[in-house]
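So, here's a batch of structures to check.
First subunit A sits with subunit B, and in the next complex the same chain sits with subunit C.
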Partner chain A sequence: MSDFLGYLLTGLGIGAGYALVASGLVAIHRVTRVVNFAQGAFAVVAAMLTSSLLAAGLPHGFAELTGVLTAALAGLLVGLVAIGRPGTTPGTSLIITLGLGIFAYAIEIVIWGDQPRSFAGVPGVAVVGGARLQAHYLLILAVTVPVFLAMAAFFARTDVGKALSACASNPYAALVVGIDVRRMGLLAFALGGALGGLAGVLTTPVQQVTFDSDVTLLVNGFAAAILGGLTRPVVALGGGLLLGVAQTLIAGYGGSAYQLEVALVLMLAVMIVQASRRGAVPEPAR
Partner chain B sequence: MNVAEVAGLTVRYGGATALDGVDLTVAEGDLVALIGPNGAGKTTLVKALSGLVRPAAGRVTVRGRLAQVPEGREMFGDLSVDDNLRLGGWRNGRGGRDTTEIYRLLPALDGLRRRRAGLLSGGEQQMVAIGRALMARPDVLVVDELSLGLAPLVVTDLIAHLRTLNAERGLAVLLIEQNARLALDLCRRAYVLEAGRIVLHGPADDLAHNQRVTAAYLGGPVR
Partner chain C sequence: MNRWLLVAAVVVTLALPPLLPERHLGTFVLLGLAATVTAGVSMLMGYAGQVSLGQASFYAIGGYAAGLLTVHGVPTLAGLLAAPVVAAVAAVLLGAPLLRLRGHHLAFATLAMQLILLSLLGRGDWAGGAIGLQGIPTLPVGGDLGYAYLSWAVLAVVLVISRNIVASRAGRGLRAAATSEIAAAAGGVAIGRYRLTVFALSAAFAGLAGGVYAFYLGYLSPGSFPVLLSIEFVVMAVVGGLGTIAGPVVGATVIVLLVQALNTLGTQPGMPGYAPSVLSYAVYALLLVVTVLYLPRGIVPAVTDRLVKERRP
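Our next item is the complex of A and B:
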């Protein structure tokens, strides 16, 4: 029983990382209709930069925040290249983000090399209800939950959040009322970058990062996001947590070799079921 | 004074000419109809007035504010009625997005505040679209295809609202309509757009009795 609770909490911590990546994908896709294949790279850049800053003696908190803000800036840059030119179709932008994601490898290897990096998070072991787990997993949850609540409030309560939703719902009408749809798209990319970066700095202490860690994050994040048709943040959050828990349980009771396969199988199943009904990525209702 | 003025406007999409040397004016407090068949370029003119397409030649001058009620109503379907209205005031800045006044002008919307706009009836959506445009505090309201797909009673109600707004607030209205009789009834002046050119214009009463107009748009001569 305490094993199960331990796996559950660990899984939620891992899943929170996927959920953050997924919600970044959703934030960008809702507003721009672009599936951002560079999403995993934001996490890697933020994590690598944070590890360098910490190694240079900068304090925790400041280093992580700089990592996240840099990822937001990276998101903005990816957005500028991917959707900056008016008239670029979402399909073309998708290919551009794929290219940028691979280009990021080159930059990361030049700056940080190709060896795994990590940094210390919250040290020690926590005991929750008899279950023992690394204390850092609790920090991941303690940060992720408020971030999701803040995002929900941002979209529901602020005019800028509503304008982002308006661009998602009906870009033409957004233009008619004077919302700059392209700028909102860039804002979404920056937000996606920050969320990806947060996933990176939160999970690196429990999961080493290499330049190509983005693939695992992207596959898992995409699997979580596609559950909600890439348009529903709450479903993406649930999907990410579920995926994390499922993987940890399988690793705990079965073999850890199958972790990524769980995400791939889930993603394919969801996409096949949705495609057979109405297309894998439904247009939002007008 | 003219709140909106179009002079020698030509708009091209690739090789196709959508508008060809169009002249049109809307004076302060005016009620102007623009009628014409499908594909004549009416919606292109609306887009040019709103600055959403770039003219190949000619000038579009808007003094004061212009707001658009787009064809097909174009709701933010996932958002509430109140959010739709609020975003209509986007250009006003944060201080100019209070929706209270709209519910006073269009009381039918009051009970729908929290409803999702995408789930409303066509007539209700058209009312939201008008309210959303009014949020911009316009001097001229461009209404593209008010009656399309709506029941006659609903249209009558909407027309009455436009008439009131015009009479009480001096709001100028440019009504783009396929239903020529409706447009000519409401408006004082009218333009007929065919194949990208203005082929007729003048007082609405005159056009309503013009042979060419009655034959093409009013289903035969007036008895």
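Our next item is the complex of A and C:
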């Protein structure tokens, strides 16, 4: 029983990381209709930068914050290239973000090399209800849950958040009432970058990061986000946590090598079911 | 004029291999194979409007099919012919559920398909596992020079097939569907069946190229078919020009030559050890982004448009 509780909490911690990547994808997709293939790269850049800053002797907290802000800046830059030129369709932007994700490889290798990196998180082992787990997983949960609450409040209560939601629901109507849709899109990219960066910074102490970890992060994040059709952050949180728990349970009770496959199969199943519900003829493009 | 250009291209291609030094002959073979796979990607993206980020999985399926069959005693020619068939059958089986998806859903689904295939190959002892499949016999074509002609002959066959498909009823139907799927479906185009056909055909192209690759190298491992390879094929198709016949060849040639040149530059003494990989990542990324933003239809349509304009004063 205590084994199970341990797996559950560890899984929730891992899943919270996926949920953050997923919410970044959702934040960008609901406003701009672009699926950002560079989402995993934000996490890698933030994690690598944080490890360098910590190695240089900067205190915890400051280093992590700098990493997240740099990822937000990276998000803004990706957004500028991907949607900055008027008339770029979401399909074209997807190909551009794919290219930028690969460009990030070149930058990351030049600055940080191609070896895995990590840094120390919360040390020690926590005991919860008789279950032992790395204390850092509790920190991941303790940060992720308030971040999601803050995001929900931001989208529902603030003017900027409402403007973002307006662009998500109908870009043309948003334009008519005087919202700068393009600027909101860039803001969404910056927000997505920060969320991706936060995921990288939080999970790196328990999961080493290399320049090409972005594929795994992206696939897990997408699998979590697709449950909510890439538009609902709360469903993405649920999807991420579910995925993390499922992977940890499967790893804990046997198939430790099949973690990514769980996400892949879940993603394929969800997408195929969603597509068959929608019917054979696609909705007209907006 | 077009006909003369074609004749010139054929003559240059036939004359080139004996003139190339040994170390560049390998590049020539791999270029022919890359262009063959890209022809399928270009048809898939240009005519059927499907982004596949998993085309290297069919390259791998073809390679492993040819490799496994011949390692177990099947004649090499039969192995080579089986490669495209196995890849196409796999594409039909996978495509039946996957092709319900569109846009970024399909992109992620094909990516997932490749990651699952790589992990199956890496775990499967029957396929040599992570170490790879060794001891694949070679085709009796007379060394590297023979492979150079074989790979470009394969490319020629594939290009002729794609040209005929594009001009066929299915090709016209798909072009109609690319403008408005609902209108085309209402007009009686069997979109689902045509899309599956193109998907299977592009997989067969990749499988055939994979078969030649297996015999040429004599060794296959999951590491030979990374996700990045699938992305490279997309870059080649987009840079050359989607939905054109010459596009895949031009795109593959431009990228392979650039990467080769930068590789030579990157391995110069005094360059850091990471230089070759960094330069090739940067080239793929920049070419892709710049092409999509500034030459959205690719090199070949841009050049032919300009030629047409000059002739009409």
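One rule holds in what follows: the second predicted complex is superposed on the first by the 278 of 286 C-alpha atoms of A that agree within 3 Å, B and C clash if a C-alpha of one lies under 4 Å from a C-alpha of the other, contacts with A are read in each partner's own complex, and residues count from 1 in each chain.
We take it that a residue touches a chain if its C-beta (ideal position, glycine included) is under 8 Å from a C-beta of that chain, and two chains touch if they have at least 3 such contacts.
Note that the coordinates shown come from a computational prediction; the quantities given were computed from them, not determined experimentally.
In the superposed pair of complexes, A:116 makes contact with neither subunit B nor subunit C.
By the touch criterion defined above, A:146 lies against neither subunit B nor subunit C after alignment on the C-alpha atoms of chain A. After overlaying the two complexes on the shared chain, residue contacts for A:172 are found with subunit B alone; subunit C is out of touch.
When both complexes are overlaid on chain A, the residue A:130 reaches neither subunit B nor subunit C. When both complexes are overlaid on chain A, the residue A:260 reaches subunit C alone and has no touch with subunit B. In the superposed pair of complexes, A:163 makes contact with subunit B only, with no contact to subunit C. By the document's definition of touching, of the two partners only subunit C reaches A:98; subunit B does not.
One of subunit B and subunit C touches more residues of subunit A, and that partner is C.
Residues common to the contacts of subunit A with subunit B and with subunit C across the two structures: 284.
Those residues of subunit C lying in contact with subunit A across their complex are 51, 53, 97-98, 100-105, 107-109, 111-113, 115-116, 119, 123, 181-182, 185, 192, 227-228, 231, 234-235, 238, 274, 277-279, 281-282, 284-286, 288-289, 292-293, 296. Residues 50, 52, 68, 70, 74-79, 83, 86-88, 90-91, 94, 97, 118, 132, 136 of subunit B are the ones that touch subunit A when the two sit in their complex. Contact residues of subunit A toward subunit B in the complex are 159, 162-163, 165-166, 168-170, 172-179, 284-286.
Of all residues in subunit A, those touching subunit C in their complex are 35, 81, 85, 88, 90-92, 94-96, 98-103, 105-106, 109-110, 113-114, 215, 219, 222, 226, 257, 260-261, 264-265, 267-268, 271-272, 275-276, 280-282, 284.
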